[in-house]
Amino acid sequence: MTDTTQTERTEARASVLSSALAALPRPALLLAVLIVLLCALVIAFGPVRALQATVNGFVAGSYTGLGAIGLTLVLGVLKLVNFAHGDLLVTGAYFTILFAWLGLPLPLAMLTAMLATAALALATEKIIWQPLRLAKAGSLQLFLSAIGLGLVLRFTVQFFAGSQVRTLGANVVTSIAIGPLRLGTLQALALVVGISAMVIVGLVLRFTSIGKEMRAFADNRALAEVSGIDTQHIINVTWIASGFLAALSGILYATAIGSFNPNFGITLLLSLFAATVLGGIGNPYGALVGGLVIGLSQEWSTLLFNARWKPAVGFALLILMLMFMPQGIFGRAKRRS
Amino acid sequence: MSCKIGRLAAWAAVSALAIVASAQGAGAEPLDLKIGALLESTGPLSELGPPAEKAINLSATVANKAAKDAGVEAKVTIVSADSQGDPQAALSATRTLVDKGASCIMGPSTTPESISVLNGITMQRKITLWPLASSTRLRTVKDDGTIYRPVPADDLQSKALVKAIENHVGKGKAVAIIFRNEPYGDALSKSFTTDWQAEGGTISSTISFDPQQESFDSEAGQAVDTNPDAYVVIDYPETYAKLGAALVRTGKFDAKKVFVADALSFAKVPDNIPPEALEGAYGVAGGSPTGTDAFKAFNKLWDEAGGVANASYTANSFDAAILCFLSAVEAGSTEPGAIRDKIRSVTKDGAPQFTIETLADAVKTAATGKEIDYVGVSGAFRFKDNGDPSSSLYDVFQYQGGKQVKIEQVNVK
Amino acid sequence: MSIDFWINVGVLAGIYGIFTLGLQLNAGFTGLLNFGQAGFMAIGAYTVGILVVDRGWSLWLALPAGIVLAVLAGLFVGIASLRLRSDHFAIATIAFAEIVRYTLQNAAFSGGNQGVLGFDAEWRAVSDWMLPWLATIGLGAYTQLPLFIVVWLAFVALLLMMKGLQATPWGRVLRGIREDEDATAALGKDVFAYKLQSLALAAALAAVAGFFVALNVTYLYPTVFDPTFTFFGYALLVLGGFASYGGVALGSVLFWTLLEGTRLIETSLSAGQQASLRFIIVGVFLLLISRLRPQGLLGNVNEMRVRP
Amino acid sequence: MSGQVLTVAGLVAGYVPQVDILNGVAITVAKDEIVTVVGPNGAGKSTLLKALVGLVTPKSGRIALEDKDIAGLAPSTIVRQGLGYVPQRENVFETMPVEENLEIGLKPRRDLPLRLRLEAMYALFPRLRERRRQMAGSLSGGERQMLAMARALMPQPKVLLLDEPTAGLAPRFVDLMFEQVATINRSGVTILMVEQNATRALAMSHRGYVLDLGRNAYEGEGPALARDPKVADLYLGGLHG
């Protein structure tokens, strides 16, 4: 009996997928705060510097936010703290290198890499996560497995590809001028892809049958089961989507940033988690907006402090948000019965 | 508890037996030299691992060929271990190298690793350590003459940078410093600031960035916004690929105003760095290497060997291993202390000079016990008492068409 | 020769053991997912280093000061974030540890990027005094042996202390909190205060571990205290067994034997591949252990779940 | 066994290998009946329903829905065979609007038209129509219970399993809830219910079972069982105060 109660409590305590539209007040509040801050920065540092920092914040945020969308799905739907997610991004980028080396043209190599990473994510479900779930593994065992999987993925990539710096060879220096402001062309692409991915995932979750089932599963797994939802199917779909999105963001990251090695996933990982939690676990809009909020706050902070404090600013923001807005920007507190 | 200690002891005993079984008569002919390579194969600096590994392996190939050509019975084997870029892991890694019989240890790349390895192991065993770290802090520790740095320390290099900027931009100008927030960038930026201001120059901005961030556009913007006469960039290629792209994207950046420190000195600009970020940029490299035949020969060797592209400090790693080898030949021993005591005899000012191309002759001469002067790929080595290179000659180079071209030499004190 | 290597493995196992006793107290016995342990360790270690180098304190006086500061940090973190949900608490503590690390790297008082060096003279004196004494019983050749002995004496003492504490009413209340927080609160126990004490005590243990890290590495540098330290701590905790102090000792020895022992694998691979292979093996091992023996080697299957 | 919609025989089940909560339960439910299972705390009432719907895997015994053996199947499969289940707690998707909850409920029967089923539910529970766009998490206790039942009724189950439908409700809603259950039954739904509020539940049931320590203790017609002094003494004593 205690078993069930505990799982039920787990689910009750986790904030889950929710509709962005229905949760307007908190995002609106956040938007207001951001606008006030931006105005203050414009007054203090002049419009060009403040707005350029804002543009940079959007770019930095899009890298984190896009990566966090896949993570938030697994965290929200499967309640799994997937510490290997960053390494799935790496796998996606290196699959691209592999397929390009095998002779595929780059765009096709990228697509194949996304499919391959999705297949890999599904394979981890079959080989690792499903058996652990059936054995009723606790949260620490799952966490440990995720760390182990991350090590295996990252160092398998490194074993075959080496740890030297790689590039996908895209032109990363061209930029678009908007008045006195500059935005890198590929950075703009990253931002567009990030927002598109967010909207697509959001719409799928909101309106499609599988999306509704995923939300139901995330909300209350036992109830989803007895409502006739094929839960294993939902789990598989979630992994496929997560792997695909991870590869998409890994490839975009590798392309837009232009230079990477197998460590980039693990260095990005804590930011991904921060964006996920900030946005409200399980919400794709939240993941991207969470990423943007971190990006903005970090880039804005460079107007005030030396840039080397950037990461610390991100973590401080995370702690403050957890204390004062624990459900995240788009998260919804679940009432306990 | 006792059972755990017992287990440990059992392990230890097994390992000890293995070592005894494989041990060979020390100092006996022919020379069987093991050179340890402490590589950052994993961890935050893992991009440094593969090029360093290749450089040291190349040195063994070159040394073995030279020994054969010289008819000297000496063999070099490289043993390597992963320092993970972490002082604690570097300790374990070094112990495995020592267990494998390493007489010298090449690397590691950072000051914390170097000091912890020195204090923990190498100093007591008189094993020479050849760190690629340039912090002056390394000088402050007691090393019993075991540290030899194949790279110039910050204080010399910062003076070379000052001279190069004065020659190409002018005295008393405004300079923006951009550095990677690590011991290397931090220390060199501080010495440069002091030296530049002492010469009447101004620093328009000092920007340090966290290497683990994904974009550096704000940092780049801050650097160009002050509209400096020159930029000093202290960075590794991995992050400069991102930072340089961001600098170019500002639209207000002129790579010809850039002066890079030695970690961004390559024969050929690596693929991952956008050409616009370095084309026309100046840089300094210690010991007068660029443009020498040895430098060209090394780069040819590198390209022929295939594998990873050339990167920073590979020539320094290569030279360090060759120096260890020549010292062992000179000492006629692989005993670490004996090698340590001969290093100055193979880098003797005024003795007959040899380079990578005449290495066989160098081996032949050294085997007779005569002093020699090995002029490395990265330049001549003049070690001071503290093991730092004292060479006052620096090449000022410029990247032209993606290649390093020597412009002039400067002399610093 | 290789004995040196294994003594070093033993030193690491002992240090991580002390570090993980705190995690076991928090996660295993109180149900708190403390992921900021590396931060407390850094505070302890840096306090010692800075007091000795900058203020001229004795190393032995600086150690208690480091512990006190780590405890204060534990109380601060606890008061700020213990009311958070458990998974948020985990993330908040990790963020705290990272802020500590970045502060140490960027601030002037901590030596910034250049770290803190030269605080261990008094320990070296002790070590040098022990070596000839060890030599008389035939153990003198191993320079790390004094540190090994001191670390393990401290570890065993602290382990026994923690075991003893667990048997007291205080320890039973903690376990009650892990089992059912609401029920424990209903019995009139101030759950928050108990959790705070648990966290502060773990921070103290982290500070002791940090002191030994400093002696081992001889150099205080921020990256030594990155979150990986805490992850390794949890890995060996789960390996040894949940809610078992003896498991911490066993887990630590096994984990470090594996992690460092894999360095000795001889292959004809390149150095980079060999290094990668090591971590692939460790990763596979972590996957296997959580699959085959989820409760850990000395753990009890009924205690393996942390309340989220 | 003809005429029986649900037949359970010799059912043994539990959560952990060593401990069986159910030790050979046998019940039958005929078409259009309300059958109530009562018993003291820990008798295994909730476990019985969970075993029927597949959330707890039976170790032995037979569960037949009409003629099909459903023991050991996955919950989603069992539900598709025609069993509807309303858990005692956390029985709605709190982060989803009322209408989406109902839509999810229809998953086992994709052949039924959504519009018509929604209309049928709104007709049965007019309150839900008013709240259709509202998040289920913001509903009152009684409304949640209605939504939970409506969700389970969406696919027109052959038997509806109710786990303590009145638990945690304010007294004035308890009457309402029993009325609702009666209404649902009159609309042609067979009901198997587990209740703490035993006397009231038995009084409105066609038949009843008393479970104790995971075994059948008594069975009979609902009202008669409620009046049975032995049953009242042993099992109903303090339960409905």
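Letters are used for the chains, namely A, B, C and D, taken in the order the chains are written, and counting of residues starts over at 1 for each.
Please note the rule applied: contacts are C-beta pairs under 8 Å (C-beta built on N, C-alpha and C of every residue); 3 or more make two chains touch, one makes a residue touch a chain.
These figures come from a predicted structure and were not determined experimentally.
K.L.:
A-C or A-D: which has the larger count of contacting C-beta pairs?
P.N.:
If we tally the C-beta pairs in contact for A-C and A-D, the bigger total goes to A-C.
K.L.:
Kindly work out which chain lies most centrally, taking the average of its C-alpha atoms as its position.
P.N.:
A
K.L.:
In whole angstrom, what separates the CA-based centres of chain A and chain C?
P.N.:
30
K.L.:
Once you find the CA centre of chain B and the CA centre of chain D, what distance in Å lies between them?
P.N.:
That pair's centroid distance is 75 Å.
K.L.:
Could you tell me the distance, in whole angstrom, between the mean C-alpha positions of chain A and chain B?
P.N.:
Between these chains, centre-to-centre, one finds 38 Å.
K.L.:
If I count partner chains per residue in chain B, which residues reach a count of at least 2?
P.N.:
Where chain B meets two or more other chains at a single residue, that happens at 41-42, 44, 49-50, 181, 210.
K.L.:
Which positions in chain C touch two or more other chains at once?
P.N.:
Residues 102, 105-106, 272, 276, 278-279.
K.L.:
Provide the list of chain D residues touching at least two other chains, using ranges where the numbers run on.
P.N.:
In chain D, no residue touches at least two other chains, as defined above.
K.L.:
How do the chains pair up in terms of touching? List each pair.
P.N.:
A-B, A-C, A-D, B-C
K.L.:
In the complex, go through chain A and note every residue touching chain C.
P.N.:
Interface residues on chain A, with respect to chain C: 6, 9-10, 13-14, 81, 128, 131-132, 135, 137-145, 147-152, 154-156, 158-159, 162-163, 270, 273-274, 277, 306, 308-309, 311-312, 315-316, 318-319, 322-323, 326.
K.L.:
Contact residues on chain C for chain B in the complex?
P.N.:
1-10, 12, 102, 105-106, 112-115, 117, 143-144, 152, 156, 213, 216-219, 221, 223-224, 249-250, 253, 257, 260-261, 263-264, 270-272, 274-276, 278-279
K.L.:
What does chain B use to touch chain A in their complex?
P.N.:
Going through chain B, the ones touching chain A are 41-44, 46-47, 49-51, 181, 207-210, 212-219, 221-222, 225, 237-238, 241-242, 245-246, 248-251, 270-274, 276-277, 308-309, 311.
K.L.:
Quick one: which bits of chain C touch chain A in the complex? Just the residue numbers, please.
P.N.:
By the definition above, chain C touches chain A via 27, 80-81, 84-88, 91-92, 94-96, 98-99, 102-103, 105-106, 227, 231, 234-235, 237-238, 242, 272-273, 276-280, 282-287, 289-291, 294, 304-308.
K.L.:
Can you check the complex and tell me which residues of chain A touch chain B?
P.N.:
Per the touch definition, chain A meets chain B at residues 49, 52-53, 55-56, 59-60, 63-64, 155, 158, 162-167, 169, 171-175, 177, 182, 184, 187, 253, 257-259, 261-264, 267-268, 298-299, 302, 306-308, 310-311.
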